């Protein structure tokens, strides 16, 4: 195994492109190093992208935000303005492992590890995040929900790197929330995770909503039916119940060591209802 | 196998070492540099026994490559005391009987120090959530939480 | 007046006992100085690694190590061929005796692999990365066999048989067909049928528990060094260096005298470090390579191959009169032993109803082997598993009788003079006192909110004594060196120094306690069975009394008066009365300084098999809040009342109560071994084997009950285990109180709780 820590994106892409064996991008390492140790992957090249400035910054952009893929969970949670704008996304990153893990784990790594249970992903799907991807053939953009294909499998081509995450601008009366269910309070993998983002008109009518759902399918899902159940309503109990039912209906889980199919379907609705309630409360306070 | 030549500051000392690319910072600290105060409980970031400070943040050293530490500032439990004076956390852990077997203690001390540097007056709940990544199987955490709260109080000058 | 009180001078107040001193090993353990199993590095040391079976049950057809042996940096490879056959012979191994024939097969698979993770081969190489790569070059041929995990499956007639030579013991006539049931044991008292006939109310239910792991944070680790002269040294994290010496010497074909075992500091054991695993393997690797070999398990190996406790399938039936007198108590329990016989069915059947004073009792235990790692002791082995069933049944009975659950237990409580079903007549024990302590605790009277519930349960553990050797040396400056043979798991250096200081009339900080290697002290039994503070403490006190006797003799010599004219008070020799003469008292320091001219060094050495351990009882109350939509259970309050006899260092007594309670909470709510359909462990890591984390818990409130043990000079019982026994039932009873439906399977994880709520509504 070779370790490289280039200081430019172009150098990183070139290294990945020139490697004929197995190459992996190293961000926080909190998934990759575990996988190397467990013999799940045996890379010939590891490219550490934490020295690339563009990937390490949080900045305001066009009324929204741009977050570099190598920004850690701790850095996102310590960024007061970003956290105020996207509290649900920060809730998601705050649940990735321990505080030690959050010192290292990056938002890009959490996405590109392609676990259906990744905690930051449902909230980012709900947020409507657009990825910027760079590779040997230049840059392209992709909706966050379109990156992952299956556990461990992304839509990235050889030598492509997710560079940054664009969080869109939105109205003043808007917010988001993320909830997950785990048997323990911390240090656990989501049995179900739900992110809800919504935006209200001045009269309290829901103008826009998105719902992201994790750990109930081969990848985290955008649940459009759930969002539609909120849009145009006053986000009253009936609308939230309809939204919760749509979320449960979208869940396509399996039985595994972390939960049963039946349980996950039920909990998807419970968490959707609760997350929507929190997002609504936050939006109204904005 | 080619090794990497790394220079890092460890507990204030500029330190050079050679490491294999797969070796973690924990492997380097324990096996190459004899800093055995940092413990390995799981090797997968789930127990926190290997917690060290790296550039001002607490990390699981089992999830850092030794090669990544080039130019980094590393602090381990061996560097917590100031000469003859134990750190207030170390004092309070002894005073409150916050350790039984002691294997989790170095990691918990380092993680607690990181907490108090950011939040000198944490609530019990904040301490519990901050330390959720540090497993202790002996104490049930009660006396650990009390020791951290008491150390925080003392460090605030109470 | 108890003997304990009689043993002390009238009106004497303890000066050291009951203080909360700073533990003498505290600084080492907060600075990183303390050396644990994996912390020793020796010159020329190799790194060992183990190849393990990926199959739950298979014939081991062949092992080809030639490619691994040829690899640069590989210095030795071992397989079953490197270990001699062992006879079918039982050996003491703490709370769960073992058979050498099985130990050698568990250390390295022979004819078959019997569980996922069973060692098949091991290598020693110049680096860990080379050792890991070498393992991949070892070619093993298996013939995979059908496997069985759960005890009820393993007991079926058509179950895959693990051992064709195993016939059920305890059945008359002797069976003709091999079975996975290695043994059946019964504990009987009175007439169980007559007892149920007297009953006006009967409850009966079947309960299941899953195997759980001790979950110590420090994995098994050792460094073995075999010398060309045939002697060897072993540095190891262990609860019993002398036991590890016996086992390693036996498996490696060494004389006991040729092997020195040095215990490292131990990063948790809870019964899991009573047995050898990699130690004999490391020794053979060292013998083959002529280099020291370090073997450290990774967490996955710890979960897959070291001692979890048994899962149990149990049916408990209780009968009582309407006024709450229990007339009959019956338990049937089948426990998984893992790959080799030896589930804790003995202690489980003996303790099942030991909290109560009952006329008619029948407890039947089945020791069932299956394709899981061989169980090891875990904190009150067996007692906690059966207590989940019995104490849940007690709660169900209380509800049916409409009697407050503590009152029902009080009405039937075992007390001094009760003849236990397992044989003995109890001396003073603290069952009633712990019940009262919980009932009187403010926590027990806090009003409960919506979705909240309160549960209570009690537990019993015998405690043990055992072989103990202690040496106390008076140093030339009057300080004291105390050498004990039991590793300090959680403050025993402190408690030993306090007991020594109490006797000698000096300060605890003047007594320095060292943990002996096996060459420095006589045999000591394991640190197990809550024996250390009781047995090593009692022996320490007796060693101190030897030292005092000798110091009095030296004073008598200096003063030229008879020895019996000298008394020892507050660290000084004094004339017994003015009749004996008018001498200035001699301090321990003065006597020490003059020792060379009064007869040479002064020491006390005691070797004994300590008897008289006093059972410790506990009662615990748990408050929970259940999320009715998700089934998640939050622990709100925990109150632990346990009888310590006498608390030497109260902080470490509380710490044992708290730690045990939290282990029980993990067991109750989340911990379990999960197997896939091929019998492979699916959760061999701390992410999916969920021990409690700090944010899952409240503070754990404790009450130290002190009903002195008459067989210890200060009344000590030993407190390391009982507090785990009641917890799972207390949590179950609290959940029932919150949701109105009783669960019977552990762990009571959110899906199970939610299902129970939905089925009830």
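Order as written gives the chain letters A, B and C; numbering starts at 1 within each chain.
The working rule: a residue touches a chain if its C-beta (ideal position, glycine included) is under 8 Å from a C-beta of that chain, and two chains touch if they have at least 3 such contacts.
Worth saying up front: this structure is predicted, and the values here are computed from it rather than measured.
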{"item": "Chain contact topology (line, ring, star, complete or other)", "value": "complete"}
{"item": "Winner on C-beta contact pairs when A-C is weighed against A-B", "value": "A-B"}
{"item": "Gap in Å, rounded to a whole number, between the CA centres of chain B and chain A", "value": "29"}
{"item": "Whole-Å gap between the CA centroids of chain A and chain C", "value": "44"}
{"item": "For chain C, residues that touch 2 or more chains besides their own", "value": "686-687, 692-693, 695"}
{"item": "Residues of chain A engaged with two or more neighbouring chains", "value": "38, 185-187"}
{"item": "Multi-partner residues of chain B (each touching 2 or more other chains)", "value": "22, 43-44, 46, 129, 131-134"}
{"item": "Chain A residues within the chain B interface of the complex", "value": "1-3, 5, 26, 28-30, 33-34, 36-38, 46, 48, 50, 74, 97-101, 103-104, 185-187"}
{"item": "Touch list for chain C against partner chain B, complex", "value": "20, 22-23, 25-27, 29-36, 38-39, 41, 127-129, 214-219, 265-270, 296, 298-299, 489-491, 649, 651-652, 654-656, 658-663, 685-687, 691-695, 697, 699-700"}
{"item": "Chain A - residues contacting chain C, complex", "value": "38, 181, 183-189, 191, 257-260, 262-263, 266-267, 270"}
{"item": "Interfacial residue positions of chain B with respect to chain A in the complex", "value": "2, 4, 21-22, 24, 43-46, 48, 51, 54, 57-60, 62-65, 67-68, 70, 111, 114-115, 129-134"}
{"item": "For the chain B and chain C complex, residues of the former touching the latter", "value": "1, 20, 22-23, 27, 30-31, 34-44, 46-47, 49, 76-78, 80-81, 86, 89-90, 93-97, 99-106, 109, 124-125, 127-129, 131-146"}
